[in-house]
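Each chain carries a letter (A, B, C and D) given by its place in the written order, and its residues are counted from 1.
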Amino acid sequence: MRDPITSALSSKYGIIVLLGMTVLFAFIFVPEFGTVNNLTNIAIQSAPLAILAIGQTVVIIAGLIDLSVGMLLGLIVVIIADLMQGQSSMTAFAILVALGLGGGVGMINGLLNNLLRIHPLILTFGMLSILQGLIFVYTDRSVGQVSPEFSWMANGTIFGVPFSIILLIFVATFVSFLLYRTRLGAHIFAVGGGEEQARRAGILTGRVKVWAFIFSGLSAGVAGMLVAGRLGTGYPNAGVGYELDAIVAVVLGGTSLAGGRGSILGTIAAVFVLGVASNILNLMEISSFVQILVKGLIVVIAILLNQPKRIVAS
Amino acid sequence: ADEARVMQEKQAAEIVDTSAYKKEGPYKIGVAAGYMGNSWVVFTLQHIKYEASLHDDITEVLVTDAAFNPTKQVADIEDLISKGVDLILYWPVDDKAIEGALKKATDKGIPTINTGGGFVNSPSVTASVFIDQWNLGEMVARRLFQDMGGKGKIFAMLPIAGTTAAVDQLAALKAVMEEYPDIELLSAEYGDWNRAKAKQITENLLQKYPEIDGVFSPAGQMSIGVAEAFDEAGRLSEVIMSPGDEYNGWLKWVRTNNQGGAVTFPTRVGQEALRLGMRILRGENVRRGQKVPSEYISPGAAGVYAETDRPDDWWASELPEAWKPQ
Amino acid sequence: MSDRTGTVADNLQTRIWRWASSNAIWIVLALLFSVAALLSDAFLRPVYIFNIVRQAAPVGVAAIGVTLVMILGGVDLSVGAIISLTAVLTAVLMDGQVANIPLAVTFALAVGAFIGGINGVLIAYNRISPFILTLGMAVVITGITQIYSGGTARGIVSPGFREFFNFRIGGVVPVLALFFLGLALVGVRLQQTTKFCRNLYLIGSNPQAAELSGLHVKRITIIAYALSGLMGAMAGIALLARSGVSSTFAGRGLEFDVLAAVILGGTTFQGGRGGIGGTIAAVFVLLIAFNLVNIVGLDYNAQLIVKGAIIIIASSAYIYFKKVR
Amino acid sequence: MLLEIKGLTKRFPGVLALEGVDFTAEAGEVHALVGANGAGKSTLMNLLSGVFRPTEGEILIDNRPVQLSSPGVAVSCGVSTVYQEFSSIPQLTVAQNIFLGREPCGKSGILSHKKMRSDARAILDKYNLDLDETSLVETLSVANLQLVEIARALSVDSRILILDEPTAVLSLPEQENLFRIIESLKQQGMLILYVSHRMEEIFSISDRVTVLRDGRKIDTVQTADISPQDIIRMMIGHDIDQSKGLKANSAGDTILEVSFKDRRRGFKVLEGEILGVAGLVGAGRTRLARKLIGLEADEDMDVILHGDKIDPKSPGHAIQHGIVYLTENRKYDGLFANLSVLKNTTASALERFSSYGFLQQKNERQAGTEILDRLHLVASSVDAPISDLSGGNQQKAIFGRALLCNPRVLICDEPTRGVDVGAKEEIYQLLLGLAEQGVAIIFISSEMKELFAAAHRLLVLHEGEIVEDLPTDQLTEEKVLQAATGTAA
């Protein structure tokens, strides 16, 4: 028989248990961890990835994958920073552009996915390259400056609660509502669970997939706004690597790459596990090379503990 | 561009008011590395650690690695502040992108020192100990054009697109080219500091351009990839390589081929930066910018610096043996 | 109706179509190559063509291994990190001495196979996503590489090692290119003729059925991943041979080039399909795409855009050819 | 005329599945569709439910031509379908599957899970389907899966109900329940198109029968006017020789003996014996088989083969001992769907065809072809993907796989499921032939008739335990049913 900790970790909410244990560990062994300041930092640091990963959760539930979000985020950061040039008057417009660009590119991914019928991994890998090219067409260096409002969105707090966390909660609630309380959400699960079956049930699977990509793109838009606010400027490589971090978080959070099942809460918990781990490794003064190793081990061990149960198919 | 450079000289010469940062020891030093996957940085860091070992009042040196991700670097700087460091040395992934985080540090009375990047004039950066990428690019370009006799076709091999280094080097190259109307830039390529990639790109360019007279490549570790491609194509004799930095592999190449030379990109900026930081902590007045100058070393002299029994991925330095990486 | 004609062998036409649809990527390669040759006569020069073959060696060799695990229904994203590790490791072990070469190469290959074997064991005995496990392993291996090397690629390549692999036989064919082509041919041949490779297809096609049919699913899974690690190590050595290694991240990101090639070549995530031949063709498609935009002289940003477009168009064309039967 | 089909043709790459089929059906009738495996029944049904689009021809509903361009359109035209292949989504619950694509929403457009559950419950109750609406479909047995499919089709407000082999995996009481449902729907004026290979069913419920052969329609007749033999002749073009006795003559020594350390009853099989295993769905027949081949552990079980105690740890291990299992769920753990017929056939016996790890493909091809010919497998080529074959032929290929292992004990789990009458007969003959060669056969089936016809002895399972073990001639169907339901005295 397995000990209770192992079995708690390998339960459906394993990643949340893991998060709890990590935080507990940090409180006990890392004195600087529990300060309000540090906790706020972790929250602010993790919010963009968490939002991006929520969008990725949706596409993965739909049985797809989106590698283009990192570069899309980068493109959005560059364009909105350049648009704003530090002026508050441009804030609203920049928000519109971020969402429009995110949703638009997501939609293009979705439409191409339906039209070309190539594996979404390949499609979005190609898209990644195209978007990166577009970034460098736009600029080869940091451009622009975000407005103070953007800065505040990414770094500010309301009654001590970081605004980015409020935004994250809003996005998470919105997407959860969408996934669990709307037809579209039900169809996203259905298409991921079995596309042909969903089609036979009369679901317009193509449309559902386009929506999934749109959500992913939109999440890149929102996350891009936060990253822009964090950086203050439009750095062309701002989005490099985000797509993989997002996918890792999604899978660690218990969403199956095969599609059809997944959890927003799990994804967010996974992002915070990685964020807290990174924070405490920094605080514990672990050499940066060892940090890489430890982070890899966290992923490997978490995935081993949190693996799906054997399903009885008789 | 020239005005900007004059302006920069002036700003660098300003005296920083360090009274706000004055503090009693012992000190904790934070190093927020924009990236560590690069031997130059490893040497620079060793210089920092070496210098720290010389100060009894430095209790520890904390290093974080952002792996080229500016948002991670922002987070790292915040973590260092949480940890209560007294001084932050950093090299940026991107200068502007981490300004906000640095400002948090200076607001808390933690001086920030730009280590090895270009000069930064910003209230959030207390001081810069810098190697002027522009300046270096300019020296490399001038030397190359002189070696080429002021005319011919060249291409540029630059590091990762979008990084400060790539941007400044290209800007410097173009500025110098204005003085040399007979130099034609065929193409600017990004080899990502990757020797294999630089080689592959060069192999393609060799097919496209029947005539290439010179290569602008300030990063020695890419220069060897470039030179190798020319060599294999049997066209090495046609081309003039620009000076590279004092990357050991490149110095070895210079020694063997007796051309190119080097423009130093001294890893001792790390040491200088910490020294400067200590002065700030003691409340001494310092200049906003302290340049660690790049020097041109002729091919003949460069060979002397080459350490043949050392790996390619190594930098000439004056570190005591015990402090050299492993 | 053809369903009623009994168990005779295929007729010629069916066979041709079957070949065309399962080798559509070769058609794409031929088309792309023709375009390339039209745009630049470099693609008609033997020396350059073999240069391309040599350039393809690191990614191509690694892709052969990854093809095997993907036929099995897995995936291996740790190859990029294995390439970095083994390239550095080989150089360090050589330490500039010719006498050390055999030991260095053998040891690096063993390390690659060992890491692959660990991947295999973890995947065979657990129900985890190989995608994410190997992604995590990649980070672990990167950490090990950094700790081991202290952040600099501190090895010294023995004299003669790179010269040997880059020597052009008859002034045209580099040894490394020959080595890669040989490996690819052997791979294609073994894939058709060995029991092991047949088992890979069976398991990839339906692991439950494979288990019921008495196949040693776990053992085969472990061997396949070990092979992938081994090929990763070979790729690391090939990279060292081709261009020397000047950092501890030499293989960073290559896993995605590898993955793109394998999928483009017709091997799917679901397993049971595809093969080494298609992968090799796809490696060349991607490489020629990159070289073409480079050689035609597009700007860096245009290169990225065109490369992305070619990836998308080539795989669409591939799907198209697959459908036309 | 509710439904009329004119000149319908469907061509797949390389296969002409339907050729100029004309067909009419009225409201209020049960119209059976019969034909050998691969005759085109499912294709015709799939055209009606919008899964495929016809190559030529037209479909009229209420005398109006309709374009059934997608399943959604078909549903809105009043056609609902129980597909031959399962089309539920494993990760979803029963209720979610029933309302897939038609999820009930409240006034605000918000999905109401509660309403979905209660509506699902209502449907399950209305039709007497014994299912928990909240359970995940992936945890269901195949029989329950089928019930989900039926519930979904019934939940749609439709006028034409297509049932493609709905009873293949159902147990007797469930089948009878389904027939009652069909009867009442018919009374309400619905058209039921019913595909089945079971003659008794067709004769007990259908009004008319349409026979397909090789993609062409042979005829439509009143069921009352015709005999099963006539239909079979129309289906396969000749008579089946059912005169051969089914049972092998004598049985030899005990080959396999299973006993339990706890109080459970064990059993024996003799060489050359066909041991039938009966039980309701979920009685644990498949489980018993899985334990025998080491797929599931039972610490209290002892397996004695030829007097030696063995402990099979995996199917591979069991195969080495000569114990071979033929799965009941072809699609899930039987077929290598995208591989060729030949590769499917030789999968278990590759060791025999290889030396030093290399396959001797000539030998492999020869042995594979030989065994498939012996089984009268019909395919365009042994190199065609097995997924192109009809169900019966797929079953034969898997049979071939087992035979190539030279089994001493062959466990066949529902081997005739979804197989046409002709092929069924061939499978019986095959089992018989094997038994005559001394192979012990454990024959798991839900069709009482075939168990009585083929088996020497019957085990009856109830809730995982053997409750009856008697020669068939000492049993009656009634007795078996009582034992299986636990109502025996």
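The working rule: a contact is a pair of C-beta atoms (placed from the backbone, for glycine too) under 8 Å apart; a residue touches a chain by one contact, two chains touch by 3 or more.
Listed by chain with UniProt protein names: A = Autoinducer 2 import system permease protein LsrD; C = ABC transporter permease; D = ATP-binding cassette domain-containing protein.
It should be emphasised that the depicted structure is a prediction, and the values quoted were computed from it without experimental measurement.
The minimal number of chain-to-chain contact steps leading from chain A to chain C is 1. Note: centroid distance chain A to chain B, computed from Cα atoms, is 33 Å. Remark: chain A and chain D have CA centroids separated by 44 Å (rounded to whole angstrom).
Computed centre separation for the pair chain B/chain C is 35 angstrom, with centres defined by C-alpha atoms.
The set of chain D residues touching two or more other chains comprises 332.
Within chain B, the positions touching two or more other chains are listed as 36, 161.
Residues of chain C in contact with at least two other chains: 146, 150-151, 300.
Looking at which chains touch one another, you get A-B, A-C, A-D, B-C, C-D.
Chain contact summary for the complex, chain B toward chain C: residues 36-39, 41-43, 161, 186-190, 193-196, 199-201, 203-205, 207-208, 221, 224-225, 228, 232-233, 247, 249, 309-314, 325-326. On chain C, the positions that touch chain A within their shared complex are 122, 126-129, 131-133, 135-144, 146-147, 150-151, 256, 259-260, 263-264, 268-269, 300-312, 315-316, 318-319. Those residues of chain D whose C-beta lies close enough to touch chain C in the complex are 13-16, 38, 214-215, 293, 295, 314-320, 325, 327, 332-339, 343, 347-348, 350-351, 353-354, 357-359, 361, 369, 372-373, 377-384, 389-390, 401, 405. Within the complex formed with chain C, the residues of chain A that make contact are 112, 116-119, 121-123, 125-137, 140, 244, 247-248, 251-252, 256-257, 287, 289-297, 299-300, 303-304, 307-310.
Partner chain A is touched in their complex by these residues of chain D: 49, 51, 70-76, 81, 83, 86-92, 96, 100-103, 105, 109-111, 113, 138-139, 141-142, 152, 286-287, 329, 332.
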